[in-house]
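The data blocks that follow each hold one structure.
The following pair of complexes shares a single chain, subunit A, combined with subunit B in the former and subunit C in the latter.
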Partner chain A sequence: MSTITSSSTTTGRERLGLRLALAGGALLLVSGLLSWSFEPIFGDISIRLWPVSLQVFAMLIGLTAVALALSPTVLRRALGWVHAGPGLWALGIGATAYTALSLAAIAVEAGGLINANEGAWIALVGALLLLGGGWMVRDRPRAPEAFSAQGPATVEIVTIVAICALALAAAAYALGRDDAWVFVLFLLTLGVIGTALARAEVFEWLGGAAGRHQHVLTLGAFAAAFLFPFTQDGSEINMSIATLVLIFAATAIGLNIVVGLAGLLDLGYIAFLGAGAYVGAIFSGSVSSSIGWTPPFLVTALMGGLFAALLGLIVGSPTLRVSGDYLAIVTLAFGEIFRLAMFNLDGNNGPDLTNGPNGITAIPNLSILGFDFGESHTIAGVELSRAANYYLFMLFITALIVLIFARLNNSRIGRGWVAIREDERAAEAMGVNVFGLKLLAFAGGAFLAGVAGTVKAHYDTSVTPDQYQFLESAFLLAAVVLGGMGTIAGVILGAVVLKLMPEKLRFFSEYRLLLFGLLLVIMMRFRPEGLVANKRRQLELHDDDQDRAAQTDRSPQTKEALQ
Partner chain B sequence: MTALLEVKDLVVAYGKIVAVKGISFIVGEGEVVTLIGTNGAGKTTTLRTISGLLRPAGGSVLYRGEDISATPAHQIVGLGLAHSPEGRRIFPRMSVEENLLLGAYGRRDNDIDRDLKAAYELFPILGERSRQHAGTFSGGEQQMLAMGRAMMSRPKLLMLDEPSMGLSPLMMKRIMSTVTTLREQGTTILLVEQNARAALKIADKGYVLEVGQIVTEGTGQELLHSDEVRKAYLGED
Partner chain C sequence: MDQFLQQLVNGLTIGSLYALIAVGYTVVYGIVQLINFAHGEIFMIGAFGALSTYLILFQGQTSLWVLPFLVLGAMAASVGVAVLTERVAYRPLRGAGRLAPLITAIGISVFLQEFVRLFYDKVPGLDFPSAKQKIPFPQIEVVTGPAIELGPVTIQRAAVFTIGCLIMCGAALWWFINRTRTGRGMQAVSQDPDTAKLMGINVDRVIVVAFAVGAALAAIAGVAQGLLNTNINFKMGFIAGLKAFTAAVLGGIGNVWGAILGGLVLGVLETLAVQFLPGGSPWKDVWAFALLILVLVFRPQGLLGAKVVDRA
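Then we have the complex of A and B:
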């Protein structure tokens, strides 16, 4: 109770901190309207009253700061529930890092700090004020409203839809950035604002709102993803990146069923994608395929999925009986066996099926019900390129996989998986068919990857063994772990970040593994539950955190006491 | 009284170590039968074998006259045998209600909600904290949850493995009186205990295990007053 009574009185120190943060936010807002450099770099940041790139990012951070700083006073009615203290503190640190990196970018691109103009310096001052203010209010307790925050349904729905639209805009914008500096700074801005909002417990509110309007969120997210190709105006490059991201994300969600729901560590998941891809390629009618028969694609997709599931059963049935790390070892080996087998089925060492290291090339485009995926189609005045066709088709498949994931998660089977993760022996004593459920997850995950693989084969137009090496399995797993095991939104986010970064940061490709390694180490240290946390996972990983446990258990009663 | 469960010459081994060396006992319908003995006597091993978590090396387990010693564990629960394991083994990061629902995992009928209510009636504290994570419970509360969970499968035979372990005397009394209540409601109970006195007080029949063999058997009262048992297990001279 003590936290609640003390929060109603704002101390003088906190008042000063809030004012400093407000001033900092305002300066950041103003700085966006000023000139940042003497050189017309980054989309020309030298012009006043015409904010672009870096200037806009600073203004976004400034806007967040102003909203957070005013939330306990002027905006109390609308935003009183926000936990402003930690939010401002995180934003202050982030804003300082952002302006410092911006100055570094200007110095590198324009030739020395001398080329930074007043806007950049004012932004730095603003960020430092924000940092100071944030430091003073960082221990500010939660507002009493925090425990009973629930907006009117319309507000919540509008917020969810707006967030979907913002995500769409952000994705389209990020894809359109060709300059690596701008891209990195944009990601940093998103990260800074995201962290600040997370610290301000906005996502708790959003999570609640999303839980109350789950269908709105799902539909909104898919509508945004569906509209994405229409924002690209026929840009083949961006759409092809987006399609790659989507294939990667769909596969990662499949892996998430295996890893996140059933708790099985699968290090060879890419082999199932490869199995599907090879089935898709062999029955595609490609010249380099030794089989001439070309069934309709839906049949091929089903065959790809079933073949992958069969491999899953073969690998899984002996290994899933034993618990522990054996599965990881066996799947790791299976991934390699698959790759080498595809490498060698070239007619010299076995049947001629895969064309060996050269792979199956010149795979024709998909054609479903007379719709040719290879051609551009104009819909509503917008040209949809080849990649956009595949994108939309993959979106459909992703939606199916998400649906399967969600249904499984909330079912009796899902509860059985949780029980197995928690205590396998006790689950068995409860009548949970442990082996059967594990095999279902393993083979089911393989099936989904196989289906995705058949589409991937057509999209890539070639299938070779080295596309399906261990590194890809590791990346898929990284997307799941980084994004948040057992969640859909998290894994999609993880997949987008992991796939988009190397595409946009080509100059970084040599250090890509180093960067990922670093990123994973940092994540495991500070947020082991991933970007988007599954509630139960969070509990598993923060078992020692007594405060948190006590907090979550007490909050319902506290809420009642307040009413 | 017909035999609900009959264990015949059961032998269970962990590799070369034989933990249960050919024991036989009968649990009649509606009875409370207890297996008592010290650590390592083979009590838990026997229960785990009956519920299918271990496979016997010899002998048989007859449930209603049918041999279930080769039946998979998840099917045995469906037959009407519930096992509340040693150390309670509740799922700490699942809510009370999720724990209870897992007890009913093998069921597909529509009465699960009604049994959930019955469990909350039996142990009101579970109902009050149905959304709370089970890991935050005290030992006694966890034991109640474990028993409630086992009852969710609507067992004919409830096997309780050391329900009094680590509990305060007061809580132990509460648990033992619940066992009696469950028996009155028609559930047959096979109770494994180290706390021989508490178990024998409520048992119709008792078997004393020593290093994998049954050394004495009799009614609860007989064993409670037998000199041998009093010396060895009740700490009396």
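Then we have the complex of A and C:
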């Protein structure tokens, strides 16, 4: 290890810590090749030299640890800018939690800790070494090259594309897990590695890289999402989950325009999705619809969007008079009025329009330009099922919504919204048309939700008032808050987490709402800016935090980068 | 005319409930400018606290002397939960803008509902019924039973109890706010927290007291609701809370007497709308929420005028 001398700032204690962490990472890597249990559980983790599930996750953590531990020395040329100390500390904590939970999983599934074999114990030793090493280096100062790091363009582009591909692989893998333990441990692994990389300030670099190659990132992400159905090989269940996630994410991005950009808290947003869905259902030609006319879908989608936008204008108009909390309550009241009205327009208590609590059922599949969404199609040898058809169509709509969001965000309108969000009176004094822009935010967000709603009606095949209750609005808001207000990547992440978890974890679904409520409280307490923070928003929410402000000044290129 | 009088009585009954809950919104808002969205759940927890007291101590009893204990049990549960949420969730967020506390309040609201739904029948050592469906509320002599016929008007006994509670609570509240040191401290903090602090008022304590007072009144409303409706469920707080908030806004949020007036007005308007507007009772909530929106748009300071006209 002669290269250590090249790092002049490293103290002896830190050198020891790095070596411990390196040893821990290496042990984790090796443990993956050993047998973890005497029982063939979790895809058979009892065989040596054949890593599966838990073993692979341990190896992934080990690999991250080795890379971080070597970054100040051997890999200095490539990774010298990484802030290894806090990263290793976070990774140590996470790896210990991971191995402990793995042992618990083995104990539960195989009947007692006695069934854990040498690999699992070696992994625990490795994790503890990593923890100790991480503790020693946790205060290691930032490398001097930290903020000037800028790799060659090709490296950056390849990294971005690789990350998109990895995200695709991870999503496909996670969806394919049937075992709740493996699913939870996989999510934990992702969380641990993600946190460690965030602490190591890898995302700062990534943000910069993404900012410099935004088109590559966008195209890469959409290519990965586009290829997703082809990895599922006709699995209808997985594709239907993916489609639900996508509809939810598209709606959440629409809400993000209102909440994240313009800073107007909307608690009745689901009503706009519902308005679009009802328009889509009523003009679908369903037998339970009261109107027989069936225009082409593109016309229906436009009508759904415009109807929702009209409602948005109506809800938005009080913004001239009320703001802040009052506005939130107005939107909440509006959402309830919408649901109750749909409930009552059944022919008994009012004109027959929506078939009341039974809703409009048996909505036929979409058919655009002769392409029937209800049938399976075979493309390149892969069968694309009904859900996959809707998935791809929703992906197209999501792409449109993302495009609109990004363009608005970087326009005069978007800057006006930010100004209103930060200080309404100052914005007005500077000549920003406050009322017009607020109305635009409401109507625009509602339009996007309405369009998504028309597709949702056809996909769900039925529309009932209970699908559009207040709790759903709260869920959308939670996706925005959890992911990070004002960012696209964050909202998509939040939508995926909030929709995927209950679908994959049956035991979880009973406690879903309880944990969701708790999550909102904890997020607001400890990280109000969300998982993927918009830098500007972060400063608004922590405006007493000088340290953070200073930090952001040093890396101006990362500002709003991940958008 | 008979029908009008009957609806007036019904409206005053439901309005008294709204008024009791609305005081909690308005007291907290007047002092920390926070819409305590979880206040409806505090009301629900009051009802469950009374039910639990009954099931543990007085199973099978129907005499009137049980009632004060039920009210005390309800208050203990409501005040406990309200003070706990203030301490754990709201206090750390003080001065963190307005979005974060409101989202926290929504989170607490969902959490409390689900907590009661999932765990009410799982309390160790006690044999409580599951809260996943409606639970019958204990019936007490004198305050429940055959309705009172007063000429052409029929009055439920529980309705008399509800209106009586509002009158007593109103009087107690007046005495508390105007005649006690703590009450005057609350007035001072709601007028100007910084100056109040300089005058030696413990602002943190005043805020806790505000939460506790609101919760105590909501607990009484919870008992009254149980007696009126003869059953309770974990969802009863959501709509009731929203209506009570409407009442608080209608009267002028931040103004205690406004909240009481607003509650009564809302209750009466709602029952009259059911009687005289087309559509009938399915549209009741629609009228109430439409009224909320209209008030917020055209007279955001409410009937009696709020101390704070929101410009945040």
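What we mean here is this: the second predicted complex is superposed on the first by the 537 of 563 C-alpha atoms of A that agree within 3 Å, B and C clash if a C-alpha of one lies under 4 Å from a C-alpha of the other, contacts with A are read in each partner's own complex, and residues count from 1 in each chain.
As a working rule, contacts are C-beta pairs under 8 Å (C-beta built on N, C-alpha and C of every residue); 3 or more make two chains touch, one makes a residue touch a chain.
Source: prediction; values computed, not measured.
S.K.: State whether subunit B and subunit C clash or fit side by side on subunit A once the two structures are superposed.
M.R.: Because the two structures are overlaid on the shared chain, the partners are seen to fit without clashing.
S.K.: In the superposed model, does subunit B or subunit C contact more residues of subunit A?
M.R.: Counting residues of subunit A touched by each partner, the higher count goes to C.
S.K.: On the A-aligned overlay, A:326 touches which partner chain: subunit B = first, subunit C = second, or both, or neither?
M.R.: Second partner only, subunit C.
S.K.: After the superposition on chain A, what angle is formed at the C-alpha centre of subunit A by the C-alpha centres of subunit B and subunit C, rounded to the nearest 10 degrees?
M.R.: The C-alpha centres give an angle of about 70 degrees at subunit A.
S.K.: Considering only touches as defined above, state whether A:427 meets subunit B (first), subunit C (second), both or neither.
M.R.: First partner only.
S.K.: Touching A:336 in the superposition: subunit B (first), subunit C (second), both, neither?
M.R.: Touch status of A:336: second partner only.
S.K.: Superposed on chain A, how close does subunit B come to subunit C by Cα atoms? Whole Å, please.
M.R.: So the smallest C-alpha gap separating subunit B from subunit C comes to 11 Å.
S.K.: Find the residues of subunit A that appear in the contact set with subunit B and again in the contact set with subunit C.
M.R.: Touching subunit B and subunit C on subunit A: residues 540.
S.K.: For the complex, which residues does subunit B have touching subunit A?
M.R.: 51, 53, 72-74, 76-78, 83, 85, 89-94, 98, 101-103, 105-106, 131-133, 136, 149, 153
S.K.: Residue numbers of subunit A touching subunit B in their complex, please.
M.R.: Contacts found on subunit A: 412, 415-416, 418-419, 422-423, 425-434, 436, 536, 539-540, 549, 553, 556.
S.K.: Enumerate the contact residues on subunit A facing subunit C in the complex.
M.R.: Residues 263, 265, 267, 317-318, 321-326, 328-330, 332-334, 336-337, 340-341, 343-344, 349-350, 470-471, 474, 477, 481, 510-511, 513-514, 516-521, 524-525, 528, 540-541 of subunit A touch subunit C in their complex.
S.K.: Along subunit C, where are the residues that touch subunit A in the complex?
M.R.: Against subunit A, the touching part of subunit C is residues 33-35, 89, 92-93, 96-104, 106-115, 118, 238, 242, 245-246, 249, 279-280, 282-283, 285-286, 289-290, 292-293, 296-298, 300, 310-312.
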